[in-house]
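A, B, C and D are the chain letters, set down in written order, and residue numbers restart from 1 in every chain.
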Amino acid sequence: MTISVAVSGASGYAGGELLRLLSNHPQVSIGAITAHSNAGSRLGALQPHLHSLSDRLLEETTAANLSGHDVVFLALPHGASAELAAQLPAETLVIDAGADHRLEDPAAWKAFYGSEHSGSWPYGLPELPGQREKLRGSKRIAVPGCYPTGSLLALAPGFAAGMLLPEDVVIVSASGTSGAGKSLKANLLGSEVIGSMSPYGVGGGHRHTPEIEQGLSQVAGEAVTISFTPTLAPMSRGILTTATVKVAPQLVKGGNVAEELRQIWAEAYQDEPFIHLLPEGQWPATQSVYGSNHVALQLAFDEHAGRLVICAVIDNLTKGTAGGAVQSMNIALGLEETLGLGQQGVAP
Amino acid sequence: MTISVAVSGASGYAGGELLRLLSNHPQVSIGAITAHSNAGSRLGALQPHLHSLSDRLLEETTAANLSGHDVVFLALPHGASAELAAQLPAETLVIDAGADHRLEDPAAWKAFYGSEHSGSWPYGLPELPGQREKLRGSKRIAVPGCYPTGSLLALAPGFAAGMLLPEDVVIVSASGTSGAGKSLKANLLGSEVIGSMSPYGVGGGHRHTPEIEQGLSQVAGEAVTISFTPTLAPMSRGILTTATVKVAPQLVKGGNVAEELRQIWAEAYQDEPFIHLLPEGQWPATQSVYGSNHVALQLAFDEHAGRLVICAVIDNLTKGTAGGAVQSMNIALGLEETLGLGQQGVAP
Amino acid sequence: MTISVAVSGASGYAGGELLRLLSNHPQVSIGAITAHSNAGSRLGALQPHLHSLSDRLLEETTAANLSGHDVVFLALPHGASAELAAQLPAETLVIDAGADHRLEDPAAWKAFYGSEHSGSWPYGLPELPGQREKLRGSKRIAVPGCYPTGSLLALAPGFAAGMLLPEDVVIVSASGTSGAGKSLKANLLGSEVIGSMSPYGVGGGHRHTPEIEQGLSQVAGEAVTISFTPTLAPMSRGILTTATVKVAPQLVKGGNVAEELRQIWAEAYQDEPFIHLLPEGQWPATQSVYGSNHVALQLAFDEHAGRLVICAVIDNLTKGTAGGAVQSMNIALGLEETLGLGQQGVAP
Amino acid sequence: MTISVAVSGASGYAGGELLRLLSNHPQVSIGAITAHSNAGSRLGALQPHLHSLSDRLLEETTAANLSGHDVVFLALPHGASAELAAQLPAETLVIDAGADHRLEDPAAWKAFYGSEHSGSWPYGLPELPGQREKLRGSKRIAVPGCYPTGSLLALAPGFAAGMLLPEDVVIVSASGTSGAGKSLKANLLGSEVIGSMSPYGVGGGHRHTPEIEQGLSQVAGEAVTISFTPTLAPMSRGILTTATVKVAPQLVKGGNVAEELRQIWAEAYQDEPFIHLLPEGQWPATQSVYGSNHVALQLAFDEHAGRLVICAVIDNLTKGTAGGAVQSMNIALGLEETLGLGQQGVAP
């Protein structure tokens, strides 16, 4: 079976990564490749790393150009996906790598994005409890944000097991610059980011905050509140998530807290092909997942501070965007989940 | 008045930075420059950026070679300073950039360093309440660790004002690789650190943890407990400290919490020559303090999460080590505090 | 058909890259993975990016452990391969990623490596004229050095066409730090290489100099002399080769020199799956071949200086080492040449 | 004596570096700070590393605002300086960090810049033979381009001594991204430049080519032709110049060519405060001159290739722009040449 796919937003980083992965997928045939202001250009002029596709021309991002494929990937700025998706056939699998269909709560959408809510689609993070089933056969999938992917995978097992307190979760994430996209902003110039770390969206204002809370709350079965601080790191790819959370008193009363907690994460992820709880004492580096759909994590219980600390690394463009999208496509279409995603990380 | 200084550990990063700053100090004359295994080498072979000192030869690090100067800087591995310092005249100003004399609690020292405690010296962080006075005329000064410098300056004003809760402080810091020194470890190779973020010492194990708690507890007047996670960032210099803390209920009951908190930090640092609370909305980047003794910080109150977030940037080698040492020397000797430290950050 | 392979030197960067590529190869089964001082370790502790192989244990690098496979890859320091190879069965395909069997001239070997010559093997750069045929069915293959791969692919078409003068070739290459391997040297520490460019082996002393001259001379049919300067760039992977050369007077006499030269390169590489002459005006960046076996190049004729300038980019670990090795294996075994090497570059 | 200075173009990288250096200059008082589109902004919002000047407001770049100072620095795009300079009093020292007044040949200007020539001013590279004298008392100075600074300092001694052949000079330079300024171009985004080397302006098209040839030709006393290839390196500052050149036959006939050549450079620079010929065997790294006005260089004679190779490192913003400008100001005003420029490099 060959699956025909179309990719919109192909001149951006998310679009480029989708094409990189899809061109390695053994059952995929890449159809329309579309863009907005770059329509008409050779792909090779914009994404010179996609050697096998360099002579392909970018078409205009329109429903007409995207129609007629088995799968359509949307890698568009938020606000642009919903309108386009509405024009695509119901039987087409539409996978939105943008934000438009992630939040279920219209008020949260309105508060953080300022526009009308477009409704929510099944959330493409199959490693969350019960989530994989919701993706099978689905025709609409919302790909999680990059920060939420790292944060939810770091914390979900403990919340699912009822072992963590829902308040006072503190998450600090360091992201590579590609997470900010290809937009021409002075603070994203190489001269500005090389050799520099800086925070942004501090104090709860980042748009991924309600998305992380939504996911954790669903897993926990109660409202979870987080303090989330994203920072920009001098690297092009990768997110290191450092999440600290208080453990429930009933657990602390028990015996070997650290061992019990470790067991919970180990069991939650033992059959996951992309999630790796590292051996004790080994801490993850973003380099180890560079260009791959893998996630590596480790945890430590700080008895003195009464907090569990989980560190998780992902590639923001792969597992955090395009890899998660392809993984979700595989599940939705009933393919082997890891198809086309077998690559290891690229290191050093 | 010319002050003669000796610098030990001159082949390492801290020693090199001390020499960089001292060679720019208008009242300092650099005497003995000493090292351990590199004794006998030209300084230019080891620190090629110190152009005006390149032909100086490194002497052996001995009490005899260090004696006879007005000031002796020790930039040695922990454990090495105490023995050497004991052999130096009581009237010599000895400034220890290492860890040996920072912790006041012998039990904490033993727990984190594993050896016998060497006693504590006045702590060279003059911006802490009351601390500047303790340094005037002192003949022994312990330079704070680099992470504690960033963390304490971020949090001290709020604790001094009684506005922060002493439990549940969460600090995540990202440091450049020079903080790990020049030791030949595989994880510090350029190929490993370029393009990669990684945590270490997670779960309360980093040796700077008790030092941060000591400083915060003294300022707060009660025991402060922190969760501290250091991470390694792909840059040679700089620390971004992200500290989050709960504000005291009596404050939250008040009116404009964010404004009140901002006022506290603004007043605490209004006369400090090196500490800069940025205008509202502007967040600091480590690049802005590169190579300088300056500290830039910003804060935001996250009402939803009930937490105050403070981000502070320092250069780990300058304000975090050698700059702090020179600043302390200036105070101890009654010189103008900023002498020799006037440089701006080097950016971009 | 499943091909069993063994990889020695698996704890180093070249060995890790071989395993990364081989684990993606559809017809390869990875047998023994061996190392020297790291024998007995989990692979995941040393190469955490090789997720699917993380639980494999490293065996000792001995002929006995390597025997019994269809293909043996040697990724060892020079001097170590020859002895080991001599103990492997003649019918085993042995691919040496080290230097031992690259140079044909014993005097050149002696002059640059200081030891006795081990003889030469077919050179694994199939894009050189006539070279692909020499690799088919071969049981011994010497993988080219990383700098020679970039330099030879940049210059070979012009020399093969007799259009370039054999003297006064000047090559300046910038390499990522992984080219220097995982050895613990102070100048390879992250703190030293981040933010810094530096030359080394200047003046003709680098060991890849005679290898480049050997390749160019064979293609040109006369002795070619080069000035080669390698430099270390602050990135983990990639080589940018800048080669300048004088064009033969008979060519300059002709009409449109630039166009004629362009035509020569275009024709030489038109059927090569991994070599891409970019459209006029587009210059290559090493990022575009990151983690891939592709090569991108561009040329310009500088009429004023009378020189042709060719810039070529490769990934030193992929096309420059492990990718070239796998490509050669495919050819030697009669497989499709691109098998297991289909990946695009990983960018940004 | 206090010298009042005005700095235009203060929101860019060259303007920022001028302000950084001038704020450390003991005899300088900084007057007007001007910009174009950023007029009205706080300097701290644009140049957050200039802590002592952060509250200064940017004025409009007009002759009226710049007038009334002893010295005016122009850090403007080419084409903008000439018109402005014409409106400034003849007795004001005007130092142009832009390109407008560097080239003496109107035809070269026209060919490379496309506009009418504005005439040339004394060239602010005092280390060239006889050049220092031309700057004393001068009221108009053209600051050399960053690439020419590195190239001319690398090659001048040999050409001045008549030991180098004027044809077939090959220069390949690697520059940090700040050399490209703060303009918002996609290829300058952090995501694009991190981990990547790329060439540009290949084949003789870079505007610094005629400037380098002009300087070398004046020193040599005959027309010198160069092949110049600039490349962009993943670092914010620094230029590594690799220059190779053929030595004159009469020299090669002599005895110890390498030693004779070394002697020429050693003598040429023995009294220069900022130029350092490193001890034999030590090669320069750009890190060693980071943020400083120093230049480090080394040379090697490649007997096999018949070429001399010189590698020189500068900081493109300091010695390559603003430092060179301040040094020239000191000379023009009769101050000590090194005043305000005493800083060592900032490393690691």
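Following the convention adopted for this analysis, contacts are C-beta pairs under 8 Å (C-beta built on N, C-alpha and C of every residue); 3 or more make two chains touch, one makes a residue touch a chain.
This one's a predicted model, so the numbers in the text were calculated from it and none came from an experiment.
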Common touching chains of subunit D and subunit C: A, B
Rotation in the CA alignment of subunit A with subunit B, degrees, nearest 5: 180
B-D compared against A-D, more contacting pairs: B-D
Chain whose mean Cα position lies farthest from subunit A: D
Distance from subunit D to subunit B - Cα centre to Cα centre, in angstrom: 35
Centre-of-Cα separation between subunit D and subunit A, whole angstrom: 45
Subunit D: positions in contact with at least two other chains: 13, 176, 178, 189, 191-192, 194-195, 234-237, 284-285, 287, 290, 348
Residues of subunit A defined as touching subunit B within the complex: 167-168, 170, 172, 174, 176, 189, 191-192, 194-200, 202-205, 225-227, 229, 231, 233-238, 240, 242, 244, 246, 283-287, 290, 298, 300-307, 309, 311, 313, 348
Partner subunit A, residues of subunit C touching it in the complex: 13, 16, 20, 23-24, 42, 44-45, 47-54, 178, 194-195, 236-237, 276, 278-279, 282, 284-285, 287-292, 294, 296, 342-348
Touching residues (chain side subunit B, partner subunit C) in the complex: 13, 176-178, 180, 182, 184-186, 188-195, 234-236
